[in-house]
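The letters A, B, C and D name the chains in turn, as written, and every chain counts its residues from 1.
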Amino acid sequence: MARISGQTVAQHNSRESCWIIVHGKVYDVTEFLDEHPGGSKIILKYAGKDATAEYDPIHPPNAIKDNLPVEKHLGEVEPDTVQKVVVEVTDEEKARQQRMTNRPSLEEILNLHDFESIAKQVMPEKAWAYYSSASDDEITHRENHAAFHRIWFRPRVLRDVTRVDWSTSVLGHKTSMPVYITATALGKLGHPEGEVNLTRAAAKHGVIQMIPTLASCSFDEIVDAAQPGQVQFFQLRVLHQVSVYVNKDREVTKKLVQHAEQRGVKGLFITVDAPQLGRREKDMRMKFEAEDPSVVTKSGSEGVNRSQGAARAISGFIDTSLKWDDLNWFKSITKMPLILKGVQCWEDALMAYDAGVAGIVLSNHGGRQLDFARSGIEILVEVVAHLKEKRGLSFPNEKFQLFVDGGIRRATDVLKAIALGATAVGIGRPFIYAFSAYGSDGVDKALQILHEEFEMNMRLLGAPSLKDVVPAMVDASNLQSHIVAVPGDNLYNNNYESMTYAKLKSKL
Amino acid sequence: MARISGQTVAQHNSRESCWIIVHGKVYDVTEFLDEHPGGSKIILKYAGKDATAEYDPIHPPNAIKDNLPVEKHLGEVEPDTVQKVVVEVTDEEKARQQRMTNRPSLEEILNLHDFESIAKQVMPEKAWAYYSSASDDEITHRENHAAFHRIWFRPRVLRDVTRVDWSTSVLGHKTSMPVYITATALGKLGHPEGEVNLTRAAAKHGVIQMIPTLASCSFDEIVDAAQPGQVQFFQLRVLHQVSVYVNKDREVTKKLVQHAEQRGVKGLFITVDAPQLGRREKDMRMKFEAEDPSVVTKSGSEGVNRSQGAARAISGFIDTSLKWDDLNWFKSITKMPLILKGVQCWEDALMAYDAGVAGIVLSNHGGRQLDFARSGIEILVEVVAHLKEKRGLSFPNEKFQLFVDGGIRRATDVLKAIALGATAVGIGRPFIYAFSAYGSDGVDKALQILHEEFEMNMRLLGAPSLKDVVPAMVDASNLQSHIVAVPGDNLYNNNYESMTYAKLKSKL
Amino acid sequence: MARISGQTVAQHNSRESCWIIVHGKVYDVTEFLDEHPGGSKIILKYAGKDATAEYDPIHPPNAIKDNLPVEKHLGEVEPDTVQKVVVEVTDEEKARQQRMTNRPSLEEILNLHDFESIAKQVMPEKAWAYYSSASDDEITHRENHAAFHRIWFRPRVLRDVTRVDWSTSVLGHKTSMPVYITATALGKLGHPEGEVNLTRAAAKHGVIQMIPTLASCSFDEIVDAAQPGQVQFFQLRVLHQVSVYVNKDREVTKKLVQHAEQRGVKGLFITVDAPQLGRREKDMRMKFEAEDPSVVTKSGSEGVNRSQGAARAISGFIDTSLKWDDLNWFKSITKMPLILKGVQCWEDALMAYDAGVAGIVLSNHGGRQLDFARSGIEILVEVVAHLKEKRGLSFPNEKFQLFVDGGIRRATDVLKAIALGATAVGIGRPFIYAFSAYGSDGVDKALQILHEEFEMNMRLLGAPSLKDVVPAMVDASNLQSHIVAVPGDNLYNNNYESMTYAKLKSKL
Amino acid sequence: MARISGQTVAQHNSRESCWIIVHGKVYDVTEFLDEHPGGSKIILKYAGKDATAEYDPIHPPNAIKDNLPVEKHLGEVEPDTVQKVVVEVTDEEKARQQRMTNRPSLEEILNLHDFESIAKQVMPEKAWAYYSSASDDEITHRENHAAFHRIWFRPRVLRDVTRVDWSTSVLGHKTSMPVYITATALGKLGHPEGEVNLTRAAAKHGVIQMIPTLASCSFDEIVDAAQPGQVQFFQLRVLHQVSVYVNKDREVTKKLVQHAEQRGVKGLFITVDAPQLGRREKDMRMKFEAEDPSVVTKSGSEGVNRSQGAARAISGFIDTSLKWDDLNWFKSITKMPLILKGVQCWEDALMAYDAGVAGIVLSNHGGRQLDFARSGIEILVEVVAHLKEKRGLSFPNEKFQLFVDGGIRRATDVLKAIALGATAVGIGRPFIYAFSAYGSDGVDKALQILHEEFEMNMRLLGAPSLKDVVPAMVDASNLQSHIVAVPGDNLYNNNYESMTYAKLKSKL
């Protein structure tokens, strides 16, 4: 393989001829510029330079190698000839690193909220913006959590709860709790080891990890990190293609799926709620603010802005035509059970059941897609009611399993979903925040906290096993109340002078 | 025409003899003082002086010429003889102009809220007070937006949404989106080119503009600014007269309507919710604060205060007697389709249908009229239900179209209205804020954002066209919940000490 | 009459012999000390001194003269021999007087809220505490206003509203608006002329004033201040006695009532919701804070604290035994129509109707009595429904009139009550605040504002007269929703980072 | 008994040999270290030292003597040979003591909230954390109070309320009000005399005290402090054992119960809602923050953290197997009436009734156990309805009494419970706060305030006795509304500019 000097690469630093270095290899991406899902701008920033640091958290290791025609792989760069990209450590970054040093010990972390609070302070701003953002006004994002607060418990007493057992099985596989780690993209934004942090902690606690299509680690890295016998699922996002150089048919998808099956993956979760990525404005705004401030004020409709946050960078080629008929094709290429991720009303749940899939995830994609989509927990109630009425099903049901994700922070949230008919729930962001702040140990601690909460709350519910967590244990009658208070009468309310307490005497 | 020196004009500076200069012409307004809808005070402030700067944003160019008897048109003022009204640039105004310079680029504007946020900072205070204010406690104003938040989506999945189409037709005319630019008065308060900013952007995006009776630009200016084939509607506010010198019958109205038809206007939207203008206290307070501080404290009921904000200035002669019978008269003077703007209950919707109009706008005038009037979107639901029951109609309906305005900020808001039976919705303030901050480019950008939001949200709804946006796609069951929380128990709540997170270690 | 020197009076300055001077007369109140409803402490503070300034706002002028046995009226004090009670003007008081000077002109007052806002700043703290306070946690006090915000309008359009008329009649007497000035005690706390301020403004606007039993002005002063033909009602609080020296039977009450009738009063409103005064803690706390700070920390149950605010000072001898049977006695002593003030459920409304009274006021005493009592407007709906069902009545009803008070600040509030069946409503605090800040002119302005609001809102409702304000014009379906939000999830909510707008560029 | 020098003790200061001094006695606790419910860490902190100050508020006086085998009782320490544990008075503690000095007098305390406000400022942080904390997000803790605010009154008028009587009887025993002092643990954390403060005030006011199993004072101390004839109940928390040296059967429980009966206790309240203690994170966080800051950041799942607040320290050996069958055993060992404390749904209430117990307490343990458990007052309504339907019972019922605790702060709260069928209610935290701030006098004052509130509110309700407080006096129709508002639209709401009042003129 040819060896090229850094100086030579440095000359190809323009739109006319654009070379970049990634992991010591030189690539000619001139023709690829306009096809890059993340836009040409970000590539041009590294034209003639080493782009590895920017490339890594956003792409799996082989993305460029696999997708760029072999004639554009120019060879290896000569070591020590590349001019170091001097990354200036800003004062802001120094302060962040100081905060990282000051993290509290894991013993002080008492609940999943704590991880988010710490992560917000110690993560790079860009990572926080990508993970924490959601679509439009982020109403659905927050409703996901709020909906659980409209469900209340009806616990039972005087039952022997010396032994309580919250283990269960998902798609036939044992799990130590009715929780799986759901797929979330771009793990390396938060921690250099990315999704592998999740794999390790999942192994330790006997819970199932769902591997995302858009992971920062490669699929094989994540599978390789698993322990023997450790169960993993695969979340599939159907893309037209990863690169324009590949045929537009679904060969890539087929390869991905069959490779996953070969590697022992136990379930295929097809994302159906994201034919286009949501507009996540916090992420977009973050991205924009980092851009060159010399951009002129005037833009109008001509100026197409490609720099719209990390989310949009990876979404250029989502297949918008995925439809019910395609499920037969999936059945023809794999024996893995199929699960639809992102079903949001009973009508589609019924179609999924009739289509013979193994289950569905009632989910709105963490509030990152359609704003004012309802929470998974709310949809669960209507799905259970209508599938009973239309098909005579009862839940939880081995043959057609219901999952919920979105907004879960406490074991009580999980137990509410179980009581209402879910087999298990997915948790995403809290684990990301856990490893962003503490690596794999953080995820480990998060799972341990959930175990403690399950033990306590099942005792307090009077439920020795998950089978005992029945619908009569919850009051969900307010679940569909989407209340917005009448706007306040500020003149009246501001005139009202709040009452006060008795006061300490002031010192003389 | 006579030429008069500035010095001569300057001598007529009292209630006894009051001349003013507007656009280089001298007018004797002595007898008109007490008939001026905006009160005599504001005219007397310019007695003997050039009033153009004050006159322009509040009146169409020919208002004074058309309405003052010809013998009061005294002639042209001699140039360079008029003493310049030295407008002192206050520190506050300088700060505002600096903020104007610091506007972010249009690329940084991500949603319609952004325009309002920027406009609030860069507009003259008076303009902001006029546009942003609403009646009484502004409950309805805010409810207009809040009501949309009580409606949630039930999206469908696995539908081919490669192509999504949100174009439609309104009263038989194509529009690129189910949105029209609704009529709002006094556009020049926000931007020197006033309503013409809207015309230009509307042309570019293929949406329909509704021309207001009380525009700052003249009707013809706005029509002239349109592209060939561009569709415009006319909003009619029926006034007794623009001046006391005209007969009290409806000749002026007839002329306005027939002129509009002649100029190619495609629909006549008759305002029916404003027989008197609402008391918009923010606007009134703003106006008052600008007045002479020497006004004595005592007033009692004798002191009639005419200086009650821009809104009241233009509303002196609204026709309070407009009634159902008058619709026949309108039919006799024009062939344009008639639409009633401001219907607020199903009973009136039914009367409108029976009266044979082409449609109705369910609207409360942007919360600027009756406070505690319900939002258009809430009224829509009852109208659709009752017109189905009473007349067997289904919606959207070509023969009797339903429109909604008020509180719309996102394409999701629009799609909720479409799902519930509206043909299209009107948006007002956001476009005003857009041009106040960025001129025509701002409106262009606002429409572009809506296009982007429509594309994304229709994909996420699983609706390739507006026909697919059906009632089952929304849950509006909480729409009529006008909830006001029980007043807080401040003693209890203030005693409650909020929980906290794990904390970073403090530095040594 | 004997003349006594100030020096002599000054020697009787103890519990053993306690003389005080009021309006130049000397009284021996030694034996009265323990019978004083306001406690002995406040009297002892003025033992041997001139108590007029403290006495005046709390008592009608002749209270002491009428109630103390004639042998305790010692005579006149010799002028210029009384040592002036030097009232030190505190810095706080000076600041208050400065604020009084800086009041905005009445032209700047746009609504009733404004009066409260100004009054709060310019009134003596003690007066504010007395007027503004309510019982327990003041939940009912605020609910009174909030309840109106759960009622929304269903206005009608295209009706001729050139002439709108909001006059009506109450108990057969004309009033220019469906509002009367309800009874509130101790008017001189807020303004030296007390309740007479209300009388004058009521005359000017043709509205009815209800004279309180516990006015600061004497009953006759208030009646004397009325114009010929001006209608006044009398609010009766039935006391055991004003003094211990009077027999415990109801002679005093009888005299009061018959005197009122003689003086031309047109209706007797008997307070039935206050057999004991509510604990108004703001008032109590205010009072306490003004006390001697040397009071020891320990008290326990022995220490009986009489200094519990102005409210308790006047309530010592309320008749707790008033009952339905007593209505016959009232009918036997007067021909004035009887109205029960403070009815709070349909069961009592029915009893009142069956007892033959002329009407009832649905009221909770301005939130000053039972906390968590419902608002008058909410009670109105159940009363109208049940009296229709049980007795076939429709409302408004000439024979049995329904009134509502509490929380009214806008003409829209009044119109909601009218639509739901009330004949008129009472307004209290806003008028007190108006005269406390601006005297009679303030009340005048307040009534003028209401007139303006009535005119506008009846036009916007499409109601030319009060008869046209019908139940179908309001949606009161949420009126009984006493919603308290589920306590917030502070950990989750505080982690949520609010979205932000596009920002102005910061200056270089 | 042997006498041991302090120097000798001081040598046994390690895990290998650990002696401690308590109340002048030396104990060898080496083998007990790992069995200590509160963990070994806290004991090792005092290894070789005097642990009395730490021991006292957490344990009854004889806990160590009774539970440690006699051969570990080493003897008495020689006086003056023990090195004083110098407790450094921190600046924070000095500030707290100063605040204690500045407490307002009891006369200034107007309601139960005041006690909490003062206690929060004057209590040691650790005590505040223990008393005020509740489980998980403390939603249930606050809901307990909030639920009462969804119940409104329907008072009656014109009833003779000269004499009002709020005394009643509980399990056949007279009480001056329908309130008992419920069991709360570790009273000495707040005040050196602990639970005895409650005993004294209860005697004075004729109310019943429930003695907690986990009191700081010994059971006998509390009984001894009672007046002749004073009624006390006993709250039983069934533990496996107090020490590992005792057999695992229920001999200890039997002894406790029979001893209580012997001492004259009149009712046995068996706690059934706490098979495991809730995670009270405020308490856990407080505890952690006090620990050695050198604890390493890494912990993972291996590090078992025993130092989780005062609550966990006392809960190591709760019997998790207590069940319905055990009730027969209780009946066999005592004749005291049995009451189940912590029933939370009608199904268990029915089982309790069928099991023949004398009553149940509808309670969620002050929000300290299962979060999102419903409030007792809400459960009361369903219990009353279902027991009427299933067993024909009416309430209040002498044979099967219903009690409610949690969130009660006002007599109005109590009266709501009475109206809905409760016999009496339990109040806990407010009395703790009262004695923490003011000792026994504080509890006395708290009870006195309740008496005043009962008198006033029964008058205002029109209820001369508790029998007259009937269901029709309340509107509880919103009680089951667990409303969570839709998350706010921050972009819209922050753009909205609140209205303002007329303003005072600013000074020149």
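The working rule: a contact is a pair of C-beta atoms (placed from the backbone, for glycine too) under 8 Å apart; a residue touches a chain by one contact, two chains touch by 3 or more.
The shown structure was predicted, so the numbers you read here are calculated from the model rather than taken from an experiment.
Trainee: Call it same or different for chain B and chain C: same when shared residue numbers make up over half of all numbers used at their interface.
Mentor: Different, since most residue numbers here occur in only one copy.
Trainee: A-D versus B-D: which has more C-beta pairs touching?
Mentor: A-D
Trainee: Give the rotation angle, in degrees and rounded to the nearest 5, that superposes the C-alpha atoms of chain A onto those of its identical copy chain B.
Mentor: The C-alpha superposition of chain A onto chain B needs 90 degrees.
Trainee: As a quick test, compute the distance in whole Å between the mean CA positions of chain A and chain D.
Mentor: Computed value for the inter-centroid distance: 42 Å.
Trainee: Report the inter-chain centroid distance for chain B and chain D in whole angstrom, where each centroid is the mean of the CA atoms.
Mentor: A distance of 60 Å separates the two centres.
Trainee: By the touch rule stated above, which residues of chain A touch at least two different other chains?
Mentor: 103-104, 108, 110-111, 113, 117, 137-139, 142, 146, 149-150, 281, 285, 481-486, 489-492, 494-495, 499, 501-502, 505
Trainee: Spell out the residues on chain B that touch chain D in their complex, using ranges where they run on.
Mentor: Contact set of chain B toward chain D: 111, 113, 116-117, 120, 132, 137-138, 142, 145-146, 149-150, 281-282, 285, 293, 409, 483, 486, 489, 491-492, 494-497, 499-500, 502, 505.
Trainee: Going by the contact rule at the top, pick out the chain B residues touching chain C in the complex.
Mentor: 98-99, 102-104, 108-110, 113-114, 117-118, 121, 136-137, 139, 272-276, 278-279, 281, 284-285, 288-289, 295-301, 303, 305, 320-324, 326-327, 340, 342-345, 347-348, 351, 369-374, 480-487, 489-492, 498-499, 501
Trainee: Considering only the defined contacts, which chain D positions touch chain C in the complex?
Mentor: Residues 103-108, 110-111, 137-139, 141-143, 146-147, 149-162, 204-205, 410, 412, 416, 441, 444-445, 447-448, 452-453, 455-457, 459-461, 472, 475, 477-478, 481-485, 490-491, 494-495, 501-507.
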